[in-house]
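Dropping the structures in below, format is structure tokens.
Across the two complexes that follow, subunit A remains constant while its partner is subunit B and subsequently subunit C.
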Partner chain A sequence: MSRVGRLLAYGTVAAVLGAALAAPVLAPRDPNALGDDPTRDRRLAPSVQHPLGTDDLSRDVYGRLIHGTRVSVSIALIAAALIVAIAFAWGTTAAFAPAWLRGAMMIFADVVYSVPRLLVVLSVLTFTGQLAPATLAVVLGLAGWAPLSRILYRAAVAARRAPSTESAMALGVGRVRIAFSHVLPALRPHLVEGACMAVAVVIPLEAALTYFGIGVPRPTATWGRLLDDAGADPLGAWWLVVFPSAVIAATVMAMNYLASDARAPRLTAEAK
Partner chain B sequence: MTSDAGRVQLTIPGALLAVLRPLGRAMLVALLVTSVSFVGLRLLPGDPFAPSPDDPPELAHARAQSRVQFGLDRPISVQYPALLGALARGDLGHSFATAQPVSGIVRSAITNTAILVAPALLIGLALGVALGTWQGAHAGSVRDKILGGATFGYLAVPEFLVALILGGLVAIRWKLLPATGMVGAEVATAPWLVRLPSIVEHAVLPVSVLAMSTACVVARHQRAAVIAAVGEGFVRGAGARGVPAHRILWVHVLRRTAGTICAMAGVLLPALVGGAALVERVFSWPGAGSALVTAVAARDYPVVQALVLMTAVAVALSASLAEAGAQRLAQGEALV
Partner chain C sequence: MTALLEVENLRVTYAGAQRDVAAVAGVSFAVAPGEVVALVGESGSGKTATALAIIGLLGESARIEPGSAIRFEGRDLLRLGEPEFRDLRGRRIAMVFQDAGAALNPVMRVGEQVAEAALVHGERDKARARAMAVAMLDRVGLPDAARQARAYPHELSGGMKQRVMLAIALLLKPSLVIADEPTSALDVTVQRQVLSLLLELQRESGTAVLMITHDLGVVAETCSRALVMRRGELVESATVDDLFHAPRHAYTRELLAAMPRLARPVPPG
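What follows is the complex of A and B.
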């Protein structure tokens, strides 16, 4: 992995997190506020006053993008944290469980993996009427942990069967110590990779669900909502599509890069 | 090759087991998914035949009748075994919303999705394997880096966004292809063969979007697999025997990576079906995704149940079959 690539990836992550944290400072105006003259200020091209232009309803795209970053990044982080936490708990528990329970736990993971995510989101939507951003984050987290739990399960089984772990067990080292000094280090690259991949998967998913009206409701700004704000003729006003798309693509690229970065040392270690 | 005849016979039970075990596992997963979705759907608030206060008496009566007809008045402990019994007989029941057999609704929805997913999978795999193999053989070259950057960047753009932009340019701005739907209105009721050209025309854009992201994923994995294979001794051996370089790459190395490709295909199918649900929506394609949205909104339990069951079977089956296939290919037994 090149130094430039890593710098770009960390820079993007820092910029996105910074925008999410400092949103009220960077864009003090209400992101849903209309322009001074809603008819005149519709679909204005980028200018000094509106650096990223205005949308169909005369709202400032810069402000909405900054505040949307806050919502989209929160959703992605909550969902990713849930995915990693559940997958870790499930995968490692299964790896150390008796054989019958192990099989049952992995089949349950297959069941969760096989239920279409769209169905889960739609069902919760009929349940609650509208999805708050936090609800959407939890739903995406609960629906997405299965593949990572399988990866962590395999890695934990391999770590448990490693000669060093077995000799430590034979020497009478306690279970807690085994978990922290033998199993956890072997899982760390998978955990980092899984967390980055989870963010890289959840961000486009939130954008798509919100765009299609089954995610975060109007008028809350998220990256998906901004694409929806571009309206029926998205190519008519390029700034309405280009800026949110660029932010989504840059974030996903950075997360994918960090994921492969986490994977790389493991591959070289295996090759040796 | 002469000694192979005996070996093949010996491995038949093993091969059978390798197919039967994933099948059994897929059946079990399907049963559990059905149970989970059954309970989940019944937990949803509201009743498909809930009476409304401003119903005329005859409609209220009809609703009550439908509830009895579909067995919704009975307790779940009776409904659930009845459902399993019906499913075991291959009976998917009747739609709550239209009273038509669910099998027909589900069959057309899944066929429509398959019209997009099957070509996308084949084109994506072929393109991705070709691209990845070429890249792996030229790893580190400028063109490899450009291609690698392009696939990496393309995968970062959400698929529905690519669909929107491509549709906006090709269909709406340049009017080269139809923007939405599956078949032109002028041939909608024509026989199957007459409709085919129109269906192909409508499918070009959604299939391209799905195939492109598949190709990018495949190319990245295939490149890594080829680089790993090129480093192995058999490549140098073949080179020393005077096998031409292009033959080593496209026959020997490609065969070596067959296990990777097989394992990938199993993971790609679920991802494609998920992606298709969104791309279908952009192009108003009447597939499984839109059928699911309609059915959940109408609380049409039998249709939802059947769609979930079919998807779960397809996902579980493709995942476990691909895994079994990859394992056998890795053992080098199934290359005959």
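What follows is the complex of A and C.
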């Protein structure tokens, strides 16, 4: 990708993370507070006072977007961390396990993988009802580790059988050291890529679930909640749809870029 | 003469999809201390499987049949537990691989990789291991070894990488080095340098070398004795002189005939 593309991608991610971290500073007002006169302040178009307008209940969209970023990003990060952690543990354990156990572990991963993620999450939510953001993040994480575990498993097996690993073994290097000095470095790009992809998948999933009213409960602002708040007649108030959609789309695209950037072979200083 | 390495009736079988394949079908030979022996044969003749069996690195799809024995320095390697075997590897038996570019860890500095040999075998002082590594890299002819020790494998040429492999293998002065096609990935001129370096080091440390190769030129230049393998069996065991001048087995004669030679110069006129 071009320098501009790279700048845009990293800039987007930095801005989103910055907004999530500094939400109370960037938007000190309670994101759920109504306007001074709820009837008059409904569905106001963007202005100096409300840079992104107000919604049906006269709440400031800018404030809700900033605080929603905090919640949506937290959910995505927790879920992604869980996905990477479980996939790493499962994949590498299988790669070093005896043949029968390895096969069983990967069949289990395939079974988990074969059940659509949305279906898993929907069934869980049917039993539990709407969940607090952190709990929802855990559910999303538990439902999404299988594909990455397969990727990490393959990469670990390949690294284990690589000639450099074999020559280290011929040197009498032990298993633990093999794992840390040969297998782990080979997994690093897959881990970074997997983490970025997990974020890129979880963000729209949370938005969709919340939009359909089964994700994060009202009135907590998240990116999905903002879309839901656009209400039945979004065309009359474009700012209610455009800003959250743009933020979601930009973030997902940026994370996809980061993922492919992690996978791309890097030119060394001399090769440039 | 007591043998350093004695392989007796070695049989290695690989589990195939339909049926098992015997890669090594009852091979026996011995290597004396300090001797340079060639193990010759075409691809698939079982020479690498033999080598991997000796150093205990056959994959899990391979199995050593009962009745086989590999004795090294008086111990039966096939009865050795993994921790004891690991202690032998790199210290008493070392291996030089064919493609140094693939065999070196791409994300570790070469000096560290040489030092690792010492560190995994009881050297606790990292600085001393590093000093040993630099001295060894200097010995194998890496120019400006102290600086080059900080290089990553991709920064070195093929010949230099193979020199690093030799440094790793010979750092702890093992009594046996198994060299699996150590020069076939190199240019001919570089091949000669690496081979003569291997022989120099071998003489210095009194190490025996089992040279696995399909290149009879390498055999003629470096080895005193040659074992010829074909389809998992040992078909000939002879001194290199006899091998080239009085080959007994038909297969050996075929191998010799297949060797490229310089054509006789065309007489002028």
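One rule holds in what follows: the second predicted complex is superposed on the first by the 255 of 272 C-alpha atoms of A that agree within 3 Å, B and C clash if a C-alpha of one lies under 4 Å from a C-alpha of the other, contacts with A are read in each partner's own complex, and residues count from 1 in each chain.
Here is the rule we use: a residue touches a chain if its C-beta (ideal position, glycine included) is under 8 Å from a C-beta of that chain, and two chains touch if they have at least 3 such contacts.
No experiment lies behind these values; they were computed from the predicted model shown.
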Subunit A contact check, subunit B vs subunit C, more residues touched by chain B
Kindly classify A:L21 by the partners it touches after superposition: subunit B alone (first), subunit C alone (second), both, or neither? neither
Quiz item: Does subunit B (first) or subunit C (second) touch A:V241, or do both, or does neither?
Solution: first
I'd like to know which partner A:H182 touches here: subunit B for first, subunit C for second, both or neither. second
Name the contact category of A:A162: first (subunit B only), second (subunit C only), both, or neither.
second
Message = In the overlaid three-chain picture, which partner chain does A:A104 touch, first (subunit B) or second (subunit C), both, or neither?
response = neither
- After superposition on the shared chain, which partner residues are touched by A:A170: those of subunit B (first), subunit C (second), both, or neither? second
Per the touch rule, the subunit A residues reaching subunit B in their complex are 107-108, 110-111, 113-119, 122-123, 126-127, 200, 204, 207-208, 211-212, 214, 227, 233-235, 241, 245, 248-250, 252-253, 256-257
Subunit A contacts subunit C in the complex at 99, 161-164, 166-174, 177, 181-182, 185, 268, 270
So, in the complex, the side of subunit B touching subunit A is made of residues 25, 28-30, 32-33, 36-37, 40-41, 43-46, 152-153, 155-161, 164-165, 168-169, 172-173, 270, 273-274, 277-278, 281, 289, 292-293, 296-297, 299, 304, 307-308, 311-312, 315-316, 319
The subunit C residues in contact with subunit A across the complex are 55, 57, 59-60, 86-91, 94-95, 97, 99, 102-108, 116-117, 120-121, 154-155, 165, 168
